[in-house]
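My questions all concern the structure below.
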Amino acid sequence: MNAFVTDKTLAPAGELEPAEREELLRVDNVSLSFGGVKAITDISFDILKGEIRAIIGPNGAGKTSMLNVINGFYHPQEGTITWRGKVRRKMKPYEAASQGIARTFQNVALFKGMTTLDNIMSGRSLKMHRNFFWQVLWRGPAENEEIEHRRKVEDIIDFLEIQAIRKTPVGRLPYGLQKRVELGRALAMEPELLLLDEPMAGMNLEEKEDMSRFIVDVNQEFGTTIALIEHDMGVVMDLSDRVVVLDYGKKIADGPPEEVQASQAVIDAYLGVSH
Amino acid sequence: MVGSASASPRGEDTFPKILLHNAKVFGSRTAFREKDFGIWQSWTWSEVCEEIRAFSIGLQSLGLGAGDKVAIVGANRPRLYWAMVACQAVGAVPVPVYSDSVAEEMAFVLGHAEVKFAVVEDQEQVDKLLSMSDEVPSLTDIIYDEARGLRDYDHTHLHDYASVQDKGHALVAKDGALAGKWAEGFSGGTGSDIAVMLYTSGTTGRPKGVMLSFDNLVISARNGNAFDKLDETEEVLAYLPMAWIGDHVFSLAQAFTAGYCVNCPESMDTIDVDRLEIAPTYFFAPPRVFENMLTQIMVRMEDAGKFKRRMFDAFMDVARNVGEKILNGEDVGFKDRLLYRLGELCVYGPLKNRMGLTRMKVGYTAGEAIGPEIFQFYRSLGLNLKQLYGQTEASVYITLQPDGEIFGDTVGKPAPDVELKIEENGEVMYRSPGVFVGYFKNDEATEKTKTPDGWVHTGDAGIIADNGHLKIIDRAKDVGKLNGGALFAPKYIENKLKFFPNIKEAVAFGHERDMAAVFINIDLTAVGSWAERNNVNYASYQELAANPDVYSMIESHVDQVNKDLAQEPMMAGAQIKRFLILHKELDADDGELTRTQKVRRSFIAERYEPLIEALYDGSTTKHVRTEVTFEDGRKGAIEATVEIRDMTTYDTDKGIQEAAE
Amino acid sequence: MLYDIFIDPFVQMYDMPDFFLQVLWEGFVAGILYALIALGFVLIFKASGVFNFAQGIMVVFAGLTLVGLNENGIPAYLALALTIVAMGVLAYGVERVVMRPLVNQPDIILLMATIGLTYFLIGFGEFVFGGEPKQMITEQLGLPTGSTAIEMGERGLIILQHIDIAAAVIAVIMVTALGIFFNKTRIGRALRAVADDHQAALSVGISLNQIWAIVWFAAGLVALATGIMWGARSDVSFALEIVAFKALPVLILGGFTSIPGAIVGGLIIGFGEKIGELYWGGLVGGGIESWLAYIIALIFLLFRPQGLFGERIIERI
Amino acid sequence: MFYREAGQFKTSYKADQALMPILQDRVGLTVILLIAFVAIPAFANDFFLTSIMIPFLVFSLAAIGLNVLTGFCGQLSLGTGAFMGVGAYAAYKLTTIFPDANVIVMVLLSGIFSAAIGAVFGLPSLRIKGLYLAVTTLAAQFFLEWCFIRIPWLYNYNASGAIEVPHREAFGVVVSGAEATPIVRYFIVLCITVAIAYLMANVLRGRIGRSWMMIRDMDIAAELMGIRPLQTKLMAFAVSSYICGVAGAMMVFFWLNAAEPSSYSISLSFQILFMVILGGLGSLGGAFMGAAFIWILPVFLKFIPGTLGIDVAAETVEHVTFMIVGALIIFFLIVEPHGFARLWQIGKQKLRVWPFPY
């Protein structure tokens, strides 16, 4: 008799089994070294559209280098990267950005001289096109464009619940909020693939919970594919659909969280069994 | 058009009708603002009318009809206010609910009110309602304002606010006559219809649903507007819970009848900034808000440089001396006037500016007693802050302080159209056009509260002072009588004592006894700093409390209270004859206070029985042993010999009466 | 045209080897002086990370003080000693008044402060000694003056100024002395510790302030030597300030923290400049000496941004 | 304290993003503009206009130019003097080639040449950063200076090697050459400076300005967000050099009347750099404050001995001025490394939150 009781279940709308998902990015046999020091050795894995993919591993396992390879900051000596079906070897970071790869950084890399609002607005740079002439005049097209993007940015500010710090210079914010602003900046790019480098490092429990919620919401609300590096295993197990584990630049496991957690190689790596 | 709303005092009698009127008269004036997405999104009266109409018609198409109840849950948002009027337009009754109340209580209210629809703020509220759908079988549909996180929910009985409005728009577009039909629908409504149901969280028992008619609200609101000369140019900030009668009257009833603009803040975190930006002209806050603002001012000034602090202190002294007098239009010397002007430039003006109260025409505080010092502070800055006494059952207004007749210890004169009387037992009773229709599904309670001829029991004891102002002294049920027949209001006496910074707690005894006597707890911080200044050494609370100098200091305070009491004919009989300073601090860990730091009178009476005896048997000292719980949870006992002092009492004609032994 | 650029100069070099060798010598001497100025920069940069624009003016200031004292009747050697004292006072003053309050400020602010110091020293120097160029007291200091001509058989002769030889010798002595100072003495090792890691230096218990005063003093001594040599070749004047900018390209080639780098960089710039000016300068009207060094450095930077002796920079995020 | 912001709220993004969202700021600016456009022309004498106001405005504009590059885009430049020189020589050649054209237009066009040359010298900025970049700009400085000396075509083969501003009229008034009145020059310089400052404020608050600041604050992050470093830096070089070029052209056309290569030497570069640093990196208002300090203070100092009745040789005054300026620079760097603009910001913030400390 009460319509609600029966209908209130959450419908997992649009959720597909991993196998049915389209491949967004594939890394094939990638190796990277700096002057003889091998950072990454022969790593292959893929990221499927719409999933949350975690990359984990002990310190110095090459996780951040992997992200740097994906968004074109480092160029691997060997191997290929396939992005939306197209193979690429070399790519400038700004090209990666324009193709829809955004990221956050391990040690917050915000623009310190700007406010929260401007930092997030900077994420819209690629989507704004008014040229110098219009910018100089301001009134008219440039101003309208600015307002149009300001609206989008305000959506993000609302989404991340950072209204109160909108006009605060980011340098003055506590660390946890800076991380949130950085996420906002990456979101402003409306990326297809969002790379998060230790989004919860240095946060307290409450901040971690908030951040986890935001990450899940981003994934569900905008359908953004997310690849994240994280040390907190609890978070990784909760959030991610699949996990790839690196150790000393090599891949040692890949699969759903439960499976990876049970893998002997992973346990060894984390307990520091010598090689 | 200024003042036009009050020029036609008895115009439209329901909010939907007033809405149409406002859309016509104030069409392009801003009616609502909400800080959202970084700017103040604004709606004019005609836009608001559009919005409400579309939503209302949308609701109708979802099956909402006359007599249905609709829960309104969420923070202050224009859309939620509109939802209330939209419901009223189709004959439904909105039931605003405290959005932060625990699920159990909310479930009771919604179930009791038999709500059919609920209009809520966001996912959090939706989840809460879904979780209690078993207890609220009448609930069929939920409408939410913010879609975030709700994308994947089943939408058969869940609707986006905008989609409901779209439905309304579409229907109007299809059938041009619909808008007219909609207006016709409520044109037959009358002022005696139920406008809204507000649940009061009684101190005991289940919440009761107070049914208020349009007449209650509209007439009260118009009276309020006329009393403070409010018109369509006012700006208010809507930040208090929507389920509270105060907010309902200030942000809806008065806003509609006067046509002024209601501003909703961005979030609770930004309220200070939002208030600063809007600078409301009509401001309402419970005392704790004013207390917090004052504390913030003081804390910040602590960090200021020496020069600024000196300047601040100096000008605040000036303000304390002459500020209120200037505000009240009294005679003040030229030099003081000049200094005050200078202070206005350097301190008061900037201070008011930072608080966002620069434009405040009139401000009210109510809900509980405000500390006289806090009240004075704001008034001395030149802010027209006033007190009022009201209740949900009265549609707020019972008494108001008229301009120029502001006294810290009274709550004002009866509001327009309000009749007031004091019962034999001291209880205040009133009768007014705002008196509620009744409690929903609770005739028993209605009969208990409202007499057949329309008088309402407030539950508060009070007295009417010589100048005609009402003074609330205590809860009626706590007021007792001395054996001599004099009225004994313990809380009144305790509060008077507690206004002294040196006194932290006081417990008064006297009901069915020969005289009034009190236990006193000194304030360790205040008295401690006094001790430091005067080189008084002490090792513990107990030692400080027993210090003769401290005793003398407290004695002088008690004496002052007695003098004050002697001024009031009704209270003069219950002057304090004896007092003692307790050897330990009253503590919630020992069960002497509630967790909200309220005195548990009966428990204390039992626990300190020997001391009470000593108060009444005339002894001057008493040795006691008390069980205590230490902070680490260990139990122990402290022993002390407590001194008891006799006090002088005064005649009403100020003559000194010998202390009765 | 192409002939003028690519062939003719080399033909000339072959045809007139005496002239070419003479040019090389000139370049060598100029290079030594550049290297000495650069050495002053390196000392301070190594220990405090400050790019000391005032090094050039310190050279002028040291020279002027020496000459000025002598002009007022103070014997040369005593004047030299007093000048050394003056440089010590300057070093102490700079440390107290400029460096200490500005510790931990961004590079550009420190750079600006040294430019401010330059202004101050120019004003002060001119105020005390007047703006006129002065003759260096070469003879009084016992430095050689004459010149030696080396015959090259039938192909002409090369003239070597003795003062230039002395400059080269002094430069070598200074570099060696500094090398020993840095590697063998306690203070020298402390200086290196500071350069490597300020925190570590502090934890070892070395006073940063002392060290800064010492390096500024050392840089002052280098400036004095430079001033004497340079002054002996031309005049002691404020024009030298512009020459001091040449230390920048030298540092870019040699790296900001390397003493051998400063020497090698100085020589490259010295040779390059003289050869470029004399064999190619004529093609564009001469005077290219004023900018050639920067262009050399610029081209160098584009291909090896970390300098000759620097390690490859790996950017991290 | 004078900022009473209560009741100033924004109902549109347009108002929220205005250059001066606070009413009191707008009033203040209006007052300053009124003084500049009305009070000064009405009351100032020729000396004040020629020796103080005109150079002050010219230097302010140059400082804005350098600030765009160094303050907003984070690229250190020591070649400002030479870029100003390019503007001056370009304007000189333009007005020689087109004698009938409006010389004000020529001055504005001359900036395009320095923009082009600035962009060329900005090319290395892709690979070179910080102090290293300063060296490449030094290359520009010395190379261009050399060009001004060695290419006689640039100065019309004058025997003196200097450029002398010809007599030109525009809108029926003599605007350049020896006969141009100070008041006319003042208005031209004022209008151009104010206009460019306003237009730059527009650029700086929009996408382009933001991309510069992104590069300045964290170039790697900027690149990973889709900013093309070379394009962005070159644009900063070009815009900066344009403004400097116009300032350089104004310097000779409306102030000095004649200029030789040494007018645009490295010491001018340093002077402008000081204005920017002391005024405050990354602040347009700071450029004006810095220019006022560096230009007006020495003029002021020169008059002090005279007014005190002390007889001192002009040279000595000059030397002492140098010392004082140098010492003050160090002093202000120590007191507030972020310049007058920051001092102003702090003061303003204090006034806004008055009487509170924060």
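The chains carry the letters A, B, C and D, assigned in the order they are written, with residues numbered from 1 in each.
Criterion: a residue touches a chain if its C-beta (ideal position, glycine included) is under 8 Å from a C-beta of that chain, and two chains touch if they have at least 3 such contacts.
No experiment lies behind these values; they were computed from the predicted model shown.
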Name, by label, each chain that touches both members of the pair subunit A and subunit C. D
Report the chain whose CA-based centre is farthest from the CA-based centre of subunit C. B
With contacts counted as defined, which of the two, C-D or A-B, has more C-beta pairs across the interface? C-D
Just the number, please: Cα centre separation of subunit C and subunit D in whole Å. 33
How far is the middle of subunit A from the middle of subunit B, if each middle is the mean of its Cα atoms, in Å? 48
What whole-Å value do you get for the distance between subunit A and subunit D if each is reduced to the mean of its CA atoms? 42
Counting in whole Å, what is the centre-to-centre distance of subunit B and subunit C, each centre being its mean C-alpha position? 79
Where subunit A touches two or more other chains at once, by residue number: 73, 105, 109, 150-151
Listed in rising order, subunit B residues that touch 2 or more other chains are 38
Which subunit D residues reach two or more other chains? 13, 220-221, 224
Residue ranges of subunit B in contact with subunit D within the complex: 33, 38-42, 276-279, 297, 300-301, 303-305, 308, 311-312, 345-347, 349-359
Under the definition above, what is the set of subunit D residues touching subunit C in their complex? 76, 124, 127-128, 130-132, 134-136, 138-139, 142-143, 145-146, 149-151, 220-221, 224, 266, 270, 273-274, 277, 281, 315-316, 318-330, 333-334, 337
Write out the stretch or stretches of subunit A touching subunit B in their complex. 1-5, 7-14, 117, 150-151, 154-155, 157-159, 161, 163-164, 166, 217, 220-221
Show me the residue ranges of subunit A that touch subunit D in the complex, using the header's touch definition. 71, 73, 92-94, 96-98, 102-103, 105, 109-114, 118, 121-126, 128, 130, 132, 135-138, 142-143, 145-147, 150-151, 185, 189
Given the complex with subunit B, which residues does subunit D contribute to the contact? 1, 3-13, 15-16, 353-358
